[in-house]
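Look for subunit A in each of the two complexes below; its partner is subunit B in the first and subunit C in the second.
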Partner chain A sequence: MRLGRLACGGAALLALTALTLIPARAFSARNDIALVVHKSNPMSDISSAELRRIFLGDETRWSTNDRITILLLPPGTEEREMFLHSVLKMSDDDFVRHWISLVFQGEASAGPKTASSAASMTKLVAGLPAAVGVLGAADVPSGDSGLKVLRIDGKAPGEDGYRLRR
Partner chain B sequence: MLRALSVSRFWSLFTLLFVLIAFEGGIALWVLANFNRSVTELRTMQNAGMQIDEFGLLLNNFVKEMKVSTGIAKQGLGSVPLPSTDALALGARQLELLELQIHSAPLSQLLAGVNSLVAAVQTYGSDLTAGHSDDAMLAYIQTIEPLANRLVSADFPDTRSAILAGVARVSEANRRAGSSARQMLVISLLATLAVGLFLGRLIWAALRQAATQERELQRRASELAIARSIQTSVLPRNFSVPGFDVGAVMLTADEVGGDFYEFRPLRDGGAWVAVGDVTGHGLRAGMVMLMAQSMFALLSEEEQGEPSPTRLLTRLNRSLFHNLRDRLGKDEFMTMVVARLFADGRVVYAGAHTDLLVYRKRDDRVERLPTPGLWLGLVEDVTDATEDREIALAAGDMMLFHTDGVTEARDGQGQAFDMGRLGDRLKEWSGVGAAEAVERIAQTARDWASTTADDISLMAIKRR
Partner chain C sequence: MPRRVRLIAVVLLAAIQVSWVHRAALAADSDAPEDMTSTTMNIGKTPFQVQGFGNVDWIVSPYKGQQSGWENGAFDLFITSHLDEHWSVLSELVFEPSGNEISTDLERFEFVYEYSDAFKIAAGRVHNPFLQWPITYHHGLFMQIPIQRPIMARWEDEPGLWPMHFVGLLAQGRLFGALGLNYAFGVGNGRGTSLEVVQVGSDANNNKAITASLGVSPDALQGFEVHGSTYVDRIPADTTLEENDYAVSSSFVRGPVDLRGEWSQMQHKDQAHSITYTTQGWYVLGAYRLPIHGVTLRPYVLVEGINAPGDETFLGNPADETAWAAGGRWDVSRWVALKAQYRSDKIEGIERTGEVRAQLAVNF
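Let's turn to the complex of A and B:
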């Protein structure tokens, strides 16, 4: 009985140790959507509420006072539609109308930008210190690509409870 | 009346009036020039205000169109063409012309930014065409959109504020200038009114003075006419006396000169003659002459026994002296020579007057006879200073009495007619009758004189 308990505890410890040591790419993040920023951005974790305020134009600057540049994949892509639905509870049309309204009313100086592809997205975010982009976690290049994946509500892509998951 | 105004005063007033009019004209031109300049400047600034508002609308529309077109693009940003910058570039060129007029630093900065924006958008288009979509997108995010935002949110509002401030400044300057111009105009008009009143008073005073002078001239002219009437009306007209040819003439001066001559024929074939000249001119001289004439007429009638010019003169002087000094309080006096003609050709004379001239036919020469004595009216008794002198006139001889108006007649160079010329003229006209001789001599003297400042009187007695 005691041995059985020890065996169970050891297995759990081994599993936890293995989970901690495995890199982000190694998690089952294939269906997750990642939020990437420039590697110089001091932020590493963001709340869902903050994320919502940024993508609705209520928050326009980072803590460094740099103006936030929002980058999304083209309309119709799964990552974009899933992100808008999951975070903003909006369809793509509603999202576009919302931002056109903000721009026309002068409440936003710049709207979200559309990257033509994941590759383009990674290149742009790596080149724009104040950018934040949405793309599939599987499309995030490994190694020092100049990007940083943000945790959302303390969870990284692939982790249990990560909310941007297809 | 205007002649009474002195020429210098007239020209002074005229010059002052001209200066005033010129001053007023200068102010009017200055105000007009400033008004035109300020209106032009205000119009320029107002036009600038309208142009910058139109341009702002253009810029704002471009930026919004650009943002919307990039925001709703289905494709990636790097493949979305941006709106045309043609209208923006054209508006910028028009504003550059405006900037040359108003020289606004914020406007210059705005135009520089717009030109950069236009260039960046064109570069974006070139990258798009070349397939460098990521470069185009980076350029858009890093350059075009921030620049557009800066233009809309900072440069344009700054420019508009500066131009509106300029409009306000020019309006205020115009208001102040207009106020200053109005004040200057009011002051100028008040000054003109004051000077006009002063001028009016001056002119009124001048006219009154002129009127007074004219009245004085009229009074003096009237006085002169009276005096001349007195002087000439009492002159003798009958010069008939046996054995003598007598003629006399008096050319009166502009003002009565106080000359006097008298001729009173007697029943014994002789006559009394008197020629004199009162000092001074005018009515007073005429009155003294009239007194002397009256006294001479009376005394010559009363003269009894052996005729004596000295005795007659002594009595005449005493009466004249008392009349002048005691009653009239005057200090006039007169020269007078009195002569008694006798039928046998003798002439006894006495008195103090200009020298007598006698043409002697036998010798064909002119004698000059002094008349020593005292002027009448100076002292009460002239008996001791007066003496009778006698000459005889032969047939053809001519004796000439004259007053100083003849010998002191001066030509334009100031040269007197003098005794020498008088003697020459006497000799020249000795062959004619006495009346013609004195007429000719008097006219010669008057022609010699440049002015008619004194009477010219002559009496000639020619022995037949």
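Let's turn to the complex of A and C:
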């Protein structure tokens, strides 16, 4: 009887742990936007300020001095709109116009690139050592896909306080 | 149309045709990333990008004493070639109306070596970083919100009073940190014997002009920038003039808000006659994107003025001028803008007069 109560208590505790931790983590990560780079990129954490500078074209090279290639999903996708609004406080039109202006000023040699889908994005980032891409955290392939997910201000997708959350 | 201009036009049209074909090829390959801002062509081994800017204005109700009608704006062809990780070439070729003829001007032609974000150096004909307006919008009126440039940001051949083009070496860079420091420093030929001359081929004196600017865009104030700059030259006019100019500019561009302003003082010292001519210019532009879903409409107001020495012959005896313009810019699409404004000008000695003007500006 005592043993049965103990077993029931243990099972309840396990169930509670599974319900509160695992699904919650999976749920929030599914709603997060991830910043991915090539796995050889030495960077693992990026500050919000640096992220903004990169996507505004103020900072165009990694610490290795390789020129950064920015990849985004097509206009109209939720990930793109949310990222631009949350990080840059810009609409998509403002963002494109900003980059046309940078190219025109001679400040940038080319604008960000558009990947046609999340699958295409992961393939491109895995093949371009200096690329950085923005996609849904749920679309990041598991295992060794050649990608690395960057932490932003010390937080990874799914963690409390992660700033790119839908 | 002169034969040379015709030849250039044919070559450029052929290049644009190739660009369209290439764009179609890119679209067909779903995994090829598409550049947001333009299309890259691979001709030979040096990929280059072509962009065009153009505008047509309709003067609905002209200034007193002038006629209403249509004004063909400049056709601005912007070509860049990114040669490798560090080297690039940038050119801006403008076909613009001169009276009722079309003239061609190579406005910018620079070879750039970029070592890092902190240091790059350009050689050739560049836009002078002394004022921020010309290096933000250059010759493409599509890029700017109002229809016309402020008086102090007019090009030498319009004619403007400030030194806008610069032939020589220009170093620039950004130094990262909380302050977001950026700088520009250039040495070049400087002004020519008259106001509209940009010394592309040779320098009329051994003195070189120096231009320098320092800017700050702090991380803590996203969208805010402030710049200070100076320009020093010895002008080989009929009487040699020592030029010392200063400028301060500031802008705040964030979300729907676009605020910018500049002030500059230009001093020309005629040492032979112990006369110093001082010209001041300023402008303030405010624009706000209205919160209408699916429509990008920006009302704007531009207020400006110059205070000029009417007796300086090198500047063409300019008169004091104040003006304001109020209008709106509607971005019909990402590449097409319609603008309309009322502008009121007061030039010293002439009664205040106004103009209603509309503009179709395109980026292609």
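Criterion: the second predicted complex is superposed on the first by the 138 of 166 C-alpha atoms of A that agree within 3 Å, B and C clash if a C-alpha of one lies under 4 Å from a C-alpha of the other, contacts with A are read in each partner's own complex, and residues count from 1 in each chain.
Note that a residue touches a chain if its C-beta (ideal position, glycine included) is under 8 Å from a C-beta of that chain, and two chains touch if they have at least 3 such contacts.
Keep in mind that what you see is a predicted model, and the values were worked out from it rather than measured.
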item	value
Side-by-side fit of subunit B and subunit C on subunit A, or clash	clash
First, second, both or neither for A:G76, with subunit B first and subunit C second	first
In the superposition, subunit B vs subunit C on subunit A residues touched	C
Partner chain(s) touched by A:M90 [first = subunit B, second = subunit C, both, neither]	second
Which superposed partner A:A115 touches (first subunit B, second subunit C, both, neither)	both
First, second, both or neither for A:A49, with subunit B first and subunit C second	second
Touching partner for A:T64 - first (subunit B), second (subunit C), both, neither	neither
Partner chain(s) touched by A:Q105 [first = subunit B, second = subunit C, both, neither]	second
Subunit B versus subunit C as contact partner of A:S40, first or second or both or neither	neither
Clash with subunit B (superposed arrangement) - responsible stretch of subunit C out of 63-71, 81-89, 189-197 or 243-251	81-89
Residues of subunit A contacting subunit B in one complex and subunit C in the other	67, 96, 99-100, 103-104, 109-117, 120, 123-124
Residues of subunit A that touch subunit B when the two form their complex	67, 69, 74-76, 96, 99-100, 103-104, 109-117, 120, 123-124, 127-128, 131
Touch list for subunit B against partner subunit A, complex	64, 67-68, 70-80, 133-134, 137-138, 140-142, 145-146, 149, 153
Subunit A residues within the subunit C interface of the complex	49-50, 52-53, 58-61, 65-67, 71-72, 89-91, 93, 96-97, 99-101, 103-106, 109-117, 120, 123-124
Complex contacts: residues of subunit C adjacent to subunit A	30-31, 33-38, 40, 49, 51, 78, 80, 82, 85, 88, 90, 108, 110, 112, 116-117, 122, 135-138, 140, 143, 174, 176, 178, 180, 217, 219, 222-223, 254-255, 296, 331, 334, 363
